[in-house]
Structures are given as structure tokens and as C-alpha cells.
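Below: a set of structures, written as C-alpha cells.
Note that subunit A is present in both complexes that follow, paired respectively with subunit B and with subunit C.
Moving on, here comes the complex of A and B:
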């Protein structure tokens, strides 16, 4: 099981990868959302704020009312943020649950696809 | 855990579910149902179809509460049986279901030609209108323009209100002779059930709202919404088909017209009535086209991301973030179907196939439900179909019977001439299913193997994991 520290470290790298990817920033320029990530095995939760395609902050715990809630195991979550996992496959297998509009689900997956196209 | 900022209301689930089912082709299908059984009593067949679809909606509701994800039908089958079956049946269902665009665009072109007249020739004009609609909807999806919840509500409930109002007005101002109809030799249980089989077509698409479970707080809302939509559709269609039948002249009923609703509107309210029905037709078709292209393109994107379709279908537009290759793919498919429908004139073949396909998928869903109850009896279900296995078993028996009944029939035109023998629908469906099965067993493993190779060649980025 990945710890909260592991996931925060992964989120920090994920933030850097996203914010430095110009193609992604251009595509998501009109996307501003508050996301909650919940590790279903450890109960740890995290909040990510995205404004105009830029990840503004990552924090432990759930803050605010989210637009998106992603639930996965802590290991899957960590792997996903490091780009070592194809989240779409896990999502279609029902192992990653996303509560969000279909458009937001696609946008979240797009991040992984653009930063790590070989995933 | 906190709730979502924006959650779908029940009225939007109902409007989305019903909106997917309401299209221009239901008017013609309604008349076909009325002509296949005694017209004044066609409402019985429609209510029977509605009641049966309600049983299917209950089965879908339990499955949605088990797996509240957009992966939907593929996931139910995967967990009940295996991944290959899920891929084969899921793709068969989605692609064969997309074929309805051929019939829908053909009938919509009839509406336009009747409205604006022929410009070049009937064939050229038809293809022009069919292409215009498909390309407009494709462009809307390419740009990522979406219909908001309230717009969906407004359009669907407006359509319901209009159909109900017109029906009630017609029945209040026209004589309906139920007596002679009851004694007609065409009013038999067999004919009522055969008409009910075609009546299933009127409800095609209501189950495509299962992905909305991800936007609700309570997964039971999707099930409730589907059941309410089916009930609303059944009542509205029953009244409307009766009213339209009564509101058409005997000559119009048997003229082979593809636009019975326009003629009916003109009979009631003159030119204004025709205009209103044309508007309703356009509204119904554009919203159901749009939902179709949106759902299919997302499906194509998701399947490509899961290495079930070639990766090219997961390409996103750099500015609009829309799966443009998947949208292009469904657009080309839709145009090809339009050409087929145009040259063959077999829009009734497509409508009949859509009805049979729905019967098939309801049988599959019911089988999944029984199997999942056996495999995972203790898994949490926010909703459970009552009376044990009775309802899914009834579903399996009835819809198998209806499907076989559809295949055993012969489709005739308004003059009684044979258009096609329905067993050809079974042949086409079987051929399609075989192709999808071959794809699942031969092509998909290769795509997944290529994906695994790419992943294995890549160094893991997570510290301490390489």
C-alpha cells in the first residue's frame, strides 16, 4: 500500500509534468476543476485544484466541494500520478471509480495520455 | 466523503433517457405497429412493449447499482462471463445500434424534401439532407459543444407535452371505434405480441443513460430515471400512435408515406400543424443524433485507450480536447450507412434490426444479472430487482420469444407487398456478431500485446519500482 507521503510525492511530480507540458496546457486552458482523490484501501484523501489547465495546488485531505471524485487503491493512485499506469484500462475494469461528468472523465484521462503517450 | 458540486437531478436523468429514445423514426415505426395489428388497438402492443422494457429497466438498475461506471454493459458482461465476450457483445451492440442513423437520416431527409421540395433530384436531395445533418452534428461534437442539462430537460419535456396535447386533442375531436376493432380478425394475441416486438424499437436507447451514474449522488436515481422514462414513453406513445392513426385518412395510412406525423399534423391544424411537426422532428433527430455521436465517440476513445481499438481512435484535438478521430470514424460510418439506406431504401430493415438488437441485449443483461447474483451474492447493491430470479427469467423468455418472432415475420409495405423476409435480419446480425467475435479473439489480443510490449520497454518512473 502506498502511503500518504508516497502519493503526495507523486502528485508533486504530476503537477510539474502537467504544468510544464505546453500541449496539455493549451488543450486544457478552459478547464478549471476541484478534484478529490480517495484511496479506498488506506482511506487517505487528497485535493487537487486546477485553474485554466494549470494545477494550482495539491493538498492532503478533502477541501471544498469537488467537481470530480476519483477513488482507487493507493498503489494504483501512486502509479497513475507517476505515469506508470494506464488509468483508462483500470477505469473500464471498474477498479478506478470516477464520479464526474463524462467530459471531465475524458479530460482527466487526457492528461495521462498526453504526458505519457506510451502508457 | 463529500458530494459533487454539480449532481444530476432525477428530471434530467428521465429527460436524457427518454430523449435518447425519441427520434423521427418512432413516428413511422408507430404507424407500422398500428398497421400490423388493428390500428385502434395498437396502444395495447405499445403498452405491452413498455411493460416489458420496464422489466429490463429494472434489471439495468440493479446492474448500475453494482457497477456505477460509464464502462456499463461491457463491465456487466465482463464480470458475469469474460472479457472477450464483453468486447464482442459490447462492440456488436454499439456498432449495430449505430446503424439506426441510416434509418433516422433517411426519414429526416423525407421531412426536409417534403418541406422545401426537390431541388435537383429526389436521390441527390436525400443524400444532401442526410449528409447535412450528420456533418452538422459531427461538427458540434468536434468542437465540443454540449447540450446542458436544462436544455436537455426543456427539449424533452416540450416534446412530451406537445405529443400528449396533440393526442388528447385528437381523441377528443375524432371518433375512435374500439368496438369493431375488438372483433376484427387482425386482433389476435399473436399479432399483438408481434407488434409489441416492433414496439420495443420505440424505446431503443433508454438504457444509454447508465453512464450518468457517475454524476449522481444516489445510483438508484439512474434506475428510477430509466423506469420513469419508460413509463412516460409508453403512455405518450400509446396515446400518440392511436391519435395519429385516427387522425390520418385511410388513404394516407396505406400510402407508404415515410412522414405520417407531418400528414397528421396538417390534417389537424393545416400548414401550421405540419410546420410544428417538422420542428419536432428536427428537434428529436438532432438531439438523438447528437447523443449518438457523443456516446459512440466517447466509446471509441475509451476502447482505444483500453487497447481494444487501434490507438489512433484515442487522439484528442489539441484545442477542443475532443476525440476527433473517433468522431471522424463514426461520421464516415454514418455516411456509409446513409448511402446504403439511400440505394437500398431498406430503412425498415434497419428499424427491424434495431428492435431485434434491443431484445437481444435485454436477454444478455438478464443473464448477466442472474450470473452476477450467483458469483457475487454479497456485493453491495443499492437496488435489487424484487421477486428473486423471476423478472430476469421472464425477461429472457419473453425477449427471446419476441426476437424470434421478429425473425419469423415478413415485412410488407403499405400495399402488402413483401419488402423483405425478416430472417435476413437474423443473418445480418449473426454475421456482424461473428465479425465482432473474431475481432475480440484475433485482433484485440494483438493490440493488447503491442501495448504490453510498449509498457515493458518503458522504464518505470515511480522511485524504487524500476
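Moving on, here comes the complex of A and C:
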């Protein structure tokens, strides 16, 4: 089980990886979304704001009306942001739940592919 | 000694790597994750084999390209014979093959749809239909439906009911107005004195196999007649026998002014499409005979293949088989519906055009993977991932129908044990 602090650290690393990747930033420049992440085992939740492809903020708790809601175990959530698991595979196995448009699901997987090409 | 399966797997891996590098990495990734990254090898009847030897019953068929089955021997033979004498032909000239096919289409098309402009694919056929509508009527507005899919070319894209397909390319053609599907009143209220045409899929394919109410199309026809607006029906997925009639609009006794045909017109062998229209509309082309040209549209080889395809559908009674096998599917679906009421909410169907409405959008991709593991190719619809599209070849046998139903039943059993299958998940 991962703590809220663990997940915030993983999110901070994910933010850095994404924002420092110029190719990804260019590719996602038309993507502005509010994402909620919910850890189903601990009940912790997090909000990520993306504006024009840049992750503007990661915050604890749920804020605003989300475009995307991702529900996973706290451990899977950490692994996802560290790049240690393939979220799409977990999604297809029903272990990570995503409420979003198909386009947004595709975008999230595209981010994973760009920052962790071997995932 | 090397296991032949290992070497086939190596060939497959290399093909996937080359495709990812030179065509589309994201397509390879997405289809691999969904368990449908097959490299098509042998193709026969209702089935396709991955290069590694795994067999699948193809219920996707490129959204209805393979109505006569994959690599149909009679169609292949017609093409082989044609290759002894013909080539594509020069688009500017007349040809016997084009004339023969146009005449045959006039015979099988409903009502007074007697004239044809040939193209290569569905998008081109829709572009032609919309150009003809504007050119003939000298009016500008086009009414199309939410969730509609008519192709990715210029005019067709302007009539697509999915924002993510449109937005990267805006501004699109002006004058296109969206209304809900299956809502004749909304169409009536949207028509103005500058409306050229209403374009609709007879049954929405990518939108989620949306079968219209029995009143919808007759009412739209009536409104169009009263308001002097052309009705375009897109039969690209629904045509060529898919629904148990040669064209789906025949179920409702409605004849459009313009109708588009593609996909299975080419028998799964050769790309060809047709924009079919009633004779009066030819008045637009008489002073403008060269206003719309297509280099490869209605190529002589394509016309031979299309004629052989129509002949095959008629000779082998595929409309009747589509109805019979559709009924067999329907019986099976009712058992599955009863067994998994939280997972499968509804079945929408006309003949062998079938859509399974799941409880939420994550189920479509997950079922695609599970069905592939069980030897069935069935991909969720493009504009609605909560709907599984089943469009097998019309040559499907009762045993194959039962195989697909068993795979569905088994997949749902497994899925029903997983998380995230409720309506609100």
C-alpha cells in the first residue's frame, strides 16, 4: 500500500518527466484537462491540471469538475506514475478504471509511450 | 532445429516493429494491448489467420467490406480473368465495364436511382454526393446527424458527428448543421430555404449500430419532399445485403435522392465505390460533365469485381442467409442478455448488422481482448466504445454463429468477475 506522500512524490516525478519532454509538450499542446486520481484501497485522491499539454499542478484531494477519473490501488497508482507498469494493460484487465472519453484514454496512453517507450 | 512457430513469431515481431517505425507506433501499441495485433495471413470465408497460425472468425470485416467472405474464389476468378485483357482503364473514357456496372446498380438500387458516379472509397462517394446536392440544388446547407460517420475526406469529414475527428482540421466546410439522429422533428426545424440536403446513415455504424425507429426515415423523406430538400442515404456499411435486404433503406420503403455504396461493392478484393442518384439530378452534370473526376474511380477491373460480387450475392442467396443467421444470433443474444443484465444492456440489430450495448465505455475494449483470446475478432464502434460491432461475412454458417455466441458468453462470464463493469463505472 502506498501513502499519499508516496503518490504525491510519484506525481511530482511524472510532472517533471512530462513537462521536460519537448516532443510530448508539442504533441499534447491542444490538450487541456482536469484529471482526478482515486486510490481505491486508501481512499486518497488527487487532482492533476493539464493546460496546453503542460502539467500545471498536482494537488491532494479532488478539485473542480474532472474530464478524466482514474481509479486504481495506491500501489498501482505509484507504479503508473513511476513508469513501472503499463496502465493501458491494467485498464484492459479491469484493474485500473478510467472514466473518460476514448480520445482522453488514448492521450494518456500516448504520454506513457513517449516518456517510457519500452512500457 | 528451429520451431517453425518461433520463426513465424519472429516474422510477426519484425513486421510489427517495422510498422511501428514506418507507419504508426500508436496503432501497433493500441492493437497489441487490445489483443488484436494480428498480421493477417491466410484469409478464407468468414475467417482470417494470424501469421502465427491462430484462426479468428472475423466479425469486424473492416466494418463490412467482406460480405461475400474473404478471398471469395468466384470473385478472385473474375478478377484473374479480367487481368488477361484489362487494366484500370483511363478515367476520361467510357468503358463497357463501367456501363455494365452502372446498369446493374440501377437494377438493384431501390426506386428510381438510375445513375452513378464511380469512386474508389466511401469518403469519396460521400464527397461526390454532397457536391452533387449543392451543385444541383444551388443551395449550401447540409444537415447531418450526431454520431454520424461518413468518412475522413473533405466534405464527408464536415458531416462527421465526432468532434475529435473534426477539431484538428477546422475550419471545415461551412454550412453543415448537426441534429440528433432519429429525430425527424429536429431535421424539420433545422431546414431553411438554403438547405441542400439531409445526409444520414440508414443505420448508424460507427455511432453504435443505431437502428432508426420505423417512423424516422419515412418521416424524413416526407419532410424533404415537402421542403424541396435532397435526401442522401449512406449505405456504405449497410448496403450489399448486410441487413437482409440489398440496401437497408428498403426495410422502411424509403428511396433517397442520392445513395452511397462502397465497402462490400468491391468484394473484399478491389476498392470501388458508387454514388447513385435519380435521373433528374443528372441535369447538374449535363452542363458540367467534367466537374467531378476520379482517376481510379470505377476502374475497369473494379467494375468487373463489383459485378461478380453482386452476382455472387444474388446467386448464393446471401440476403436470405443474412436474415437467417441474424435470427440465429438474435436467439443467442436473448440468452446472453438474460444471463448478464448488468453487463449487456441492449442488442441493436438488422440482419447481420449487430451492436451490443455494454454498460459502460471500458467494456468495449476489454471485450475485444477477451473475444480475440477466444478466436473472434470484434471491435467496438469508432464513435462509441460501449458498443461492440458484429458484422461477420454474410456467408457465415450456423456452426460459426454458435462459435461466436459461445465466445461471447464465455467472455462475459470472465468479465463479470472483474471490477468496473457497472453502468456508473
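The definition used in the following text is that the second predicted complex is superposed on the first by the 119 of 119 C-alpha atoms of A that agree within 3 Å, B and C clash if a C-alpha of one lies under 4 Å from a C-alpha of the other, contacts with A are read in each partner's own complex, and residues count from 1 in each chain.
The rule is simple: a residue touches a chain if its C-beta (ideal position, glycine included) is under 8 Å from a C-beta of that chain, and two chains touch if they have at least 3 such contacts.
Just so we're clear, the structure is a prediction, and the values are computed from it rather than from any experiment.
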Practice prompt. Could you check whether subunit B and subunit C clash or fit when both are placed on subunit A?
Written response: clash
Item to complete: Could you tell me if A:23 is touching subunit B, subunit C, both of them or neither one (first, second, both, neither)?
Response: first
Discussion item. On the A-aligned overlay, A:115 touches which partner chain: subunit B = first, subunit C = second, or both, or neither?
Written reply: neither
Worksheet item: Is A:106 contacted by the first partner subunit B, the second partner subunit C, both or neither?
Response: both
Practice prompt. Once the structures are superposed on A, label A:10 by its partner contacts, choosing first (subunit B), second (subunit C), both or neither.
Written response: first
Fill in: Touching partner for A:86 - first (subunit B), second (subunit C), both, neither
both
Discussion item. Which partner chains sit in contact with A:67 here, subunit B, subunit C, both or neither? Use first/second/both/neither.
Written reply: first
Item to complete: Using the touch definition from the top, say if A:38 reaches subunit B (first), subunit C (second), both or neither.
Response: first
Fill in: If touched residues of subunit A are counted for subunit B and for subunit C, the larger one
B
Worksheet item: subunit C clashes with which stretch of subunit B: 5-13, 77-85 or 455-463?
Response: 77-85
Worksheet item: What is the shared patch of subunit A, the residues that subunit B and subunit C both contact?
Response: 86, 88-89, 91-94, 97-99, 101-103, 106, 109-110, 113
Worksheet item: How about subunit B: which of its residues touch subunit A in the complex?
Response: 1-6, 67-71, 74-75, 78-79, 144, 146, 211, 214-215, 298, 301-302, 305-307, 314, 316-319, 321, 323, 451, 454-455, 458, 460-463, 465
Worksheet item: Can you name the residues of subunit A that touch subunit B in the complex?
Response: 9-10, 13, 23, 26-28, 31, 34, 36, 38, 45, 62, 64-69, 78-79, 82-84, 86, 88-89, 91-94, 97-103, 105-107, 109-110, 113-114, 118-119
Worksheet, complete the sentence: Seen from subunit A, its contact residues with subunit C in the complex are 30, 71, 86, 88-89, 91-95, 97-99, 101-103, 106, 109-110, 113
Discussion item. Per the contact definition, I'd like the list of subunit C residues that touch subunit A in the complex.
Written reply: 25-26, 29-30, 33-35, 164, 167-168, 361-362, 365-366, 369, 385, 415, 418-421, 425
